[in-house]
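For reference, the structure I am asking about is given below.
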Amino acid sequence: MSRPKVHTVEAPPLQVDEWLNVCAPVDLAGLRGKVVLLYAFQMLCPACLAHGLPQAERVHRMFREDDVAVIGLHTVFEHHDVTGPAALRAFTQEYRWSFPIGIDRPAPDGNIPMTMRDYALGGTPSLVLLDRRGHIRLHHLGSIDDLALGSAIGRLLEEGAARGEGGAGPTANGPADAGCGPEACVAPAP
Amino acid sequence: MSRPKVHTVEAPPLQVDEWLNVCAPVDLAGLRGKVVLLYAFQMLCPACLAHGLPQAERVHRMFREDDVAVIGLHTVFEHHDVTGPAALRAFTQEYRWSFPIGIDRPAPDGNIPMTMRDYALGGTPSLVLLDRRGHIRLHHLGSIDDLALGSAIGRLLEEGAARGEGGAGPTANGPADAGCGPEACVAPAP
Amino acid sequence: MSRPKVHTVEAPPLQVDEWLNVCAPVDLAGLRGKVVLLYAFQMLCPACLAHGLPQAERVHRMFREDDVAVIGLHTVFEHHDVTGPAALRAFTQEYRWSFPIGIDRPAPDGNIPMTMRDYALGGTPSLVLLDRRGHIRLHHLGSIDDLALGSAIGRLLEEGAARGEGGAGPTANGPADAGCGPEACVAPAP
Amino acid sequence: MSRPKVHTVEAPPLQVDEWLNVCAPVDLAGLRGKVVLLYAFQMLCPACLAHGLPQAERVHRMFREDDVAVIGLHTVFEHHDVTGPAALRAFTQEYRWSFPIGIDRPAPDGNIPMTMRDYALGGTPSLVLLDRRGHIRLHHLGSIDDLALGSAIGRLLEEGAARGEGGAGPTANGPADAGCGPEACVAPAP
């Protein structure tokens, strides 16, 4: 059975001037070959603390870095005066988020920061999933449960693998592949 | 990058004489084309109640029936005298499990029931994941978290889809595909 | 300010022929001086497993035995055929409930067992709280959160203590009194 | 049985120049007759967000204002630059904490604010429980579970009631007393 063709959009570049938890800026073009989870959050957003950020951390710790990249994006559109870079650094340090976090570039002429505008995000927490080619495949505002998110990630991991794509690592598609949690591994297809 | 070849095993048939929640017996051969989750449990097993069974119900409700089949298997190897068919029926009714549940055929010569033996299950809860070809791809004793399980299911869904396989339904590989939770959908590959 | 007088009822005796987790039958008269939590449950009742029984276990482990007695009462009014003594024993063993559990005496002429009738319990889980004099002070069907229940227990503990009553232990009203959780102790009144 | 006498300390006055959620400053002397829960927290403290503050909100909503007063105290001893009054206001607005919150007065000569010093608090979250006479009866650093806290509050409520003390309300010791959760009420002592 052939699959219907659907037009998808390449993800816009991230507009970020400052990064936390990484030594060098993260750039989407350099993540080709990986599934990318972009998590837009605000440090004073209760749903981000309750669901989004802990989920981002879980995904970051569960999947191999060769296969899945998690990027936090601090998209400040409220309480700008008290959620600047220094506040975000203190927040990140206290909560021990370990994934790369970029500060969305403020807009010169308004409230909504630049990457948030380019991605047309409706608020926080927002989740954007990119496939291995850098195309947007999921765009979600609010909380999403682990089973649905895990399944979406798994599909995008396999899709790229089936086409022969993979991460930079040597065994991106070998037995020890994404989908290996601390308790389970999936044998690759024969 | 080509993928390493791994030998996988076709799942043994289920040895079940009595089914709950379905009108006709469920048979694995008839599920070809679907990803199958087999959940082995005992009604008095605390971990089954705490993790396995609620997870089975979540998977059953989240994915389309065309793509994913959840089957509960009551593999009684302890407390046989108080966990017979009548007890299981009362349990299933009270907890409102909605997926098909088969009673593993007792062994004539021992404690471990027949399907449990054939699958070499170590205890309960046990999870066995079959791909669309009916091969065993995951075999797990204990609890497994939703993110890992979701990812494994997603990979197996995509794998079959990439090869042109699919469920009996008309749009098994269309936009409204597995991976659609109540809040999110993944656009299919272009 | 004087307190209004309210008429309360002495708790009826428990009608139980078989006990689990204790060597000798438990009798309410022998528990005078203690606050008593009576938890009526059915082993196949989902709310009992989700809330009532774990809460009973928490109370049993938190408070001193000199001050608070927890008693489980298996009040079978549904699925009698599969929730008899042998089933209850298997259930109690698997879940490791450690408080005394009594099997409510079946009624000769109907569905509702004897103690459940005498206490006019509406279903399971039901919680009945007795003060140190053996009077019924709280009667609740359904789940009750820990903060409300803890407060009710604390009030009844203090009430008896203020009147000079106490458990059989030597320091029932001393510094190491009820209200000492694993992390906190309340200094007694000056 | 008479109770041992223990020396308790009157709570020091709160050193607060700015209050949130109230129109007039809160002063401990004016709370005599009520049990008081003082919750010291920092807005960037993960354990405060995970346990302490939600618990403070639960206590505030569960008990009658005549009987129990909950006071949040923002005791900033870390990240002073990003957790000032404006940040706290944004935080309180987003999380909808409804109890009075006072900003502990910064110390002129050091890191630890004034009330935190006077109470010798070891960190956040810290809980201090005062009886109806304004004496410190519980002093706890870290999380404390609801059952233990509820019991401590219940004991202090009853203690004051037994002595004839009560809140300003007309029925502070009547049937609709503290300990009434949304689902349960305790009949007062006969």
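Letters A, B, C and D mark the chains in the order given here, with residues in each chain numbered from 1 onward.
One rule holds for everything that comes next: a residue touches a chain if its C-beta (ideal position, glycine included) is under 8 Å from a C-beta of that chain, and two chains touch if they have at least 3 such contacts.
Predicted, not measured: the structure shown is a model, and the values here were computed from it.
The chain with its C-alpha centre at the largest distance from the centre of subunit B is D. Distance between chain centres (mean CA atoms), subunit A to subunit B: 30 Å.
A separation of 50 Å divides the Cα centre of subunit B from that of subunit D.
Taking each chain's centre as the mean of its C-alpha atoms, subunit A lies 40 Å from subunit D. Multi-chain contact residues, meaning those touching two or more other chains, do not occur anywhere in subunit D. With chains as nodes and touching pairs as edges, the resulting graph is a single ring in which every chain has exactly two contacts.
By the touch criterion stated above, subunit B contacts subunit C in their complex at residues 44-46, 49, 78-79, 81-84, 86-87, 90-91, 94-95. On subunit C, the positions that touch subunit D within their shared complex are 1-8, 58-59, 62-63, 129, 131, 135, 137-138, 140, 142-159, 161-166, 172-175, 178-190.
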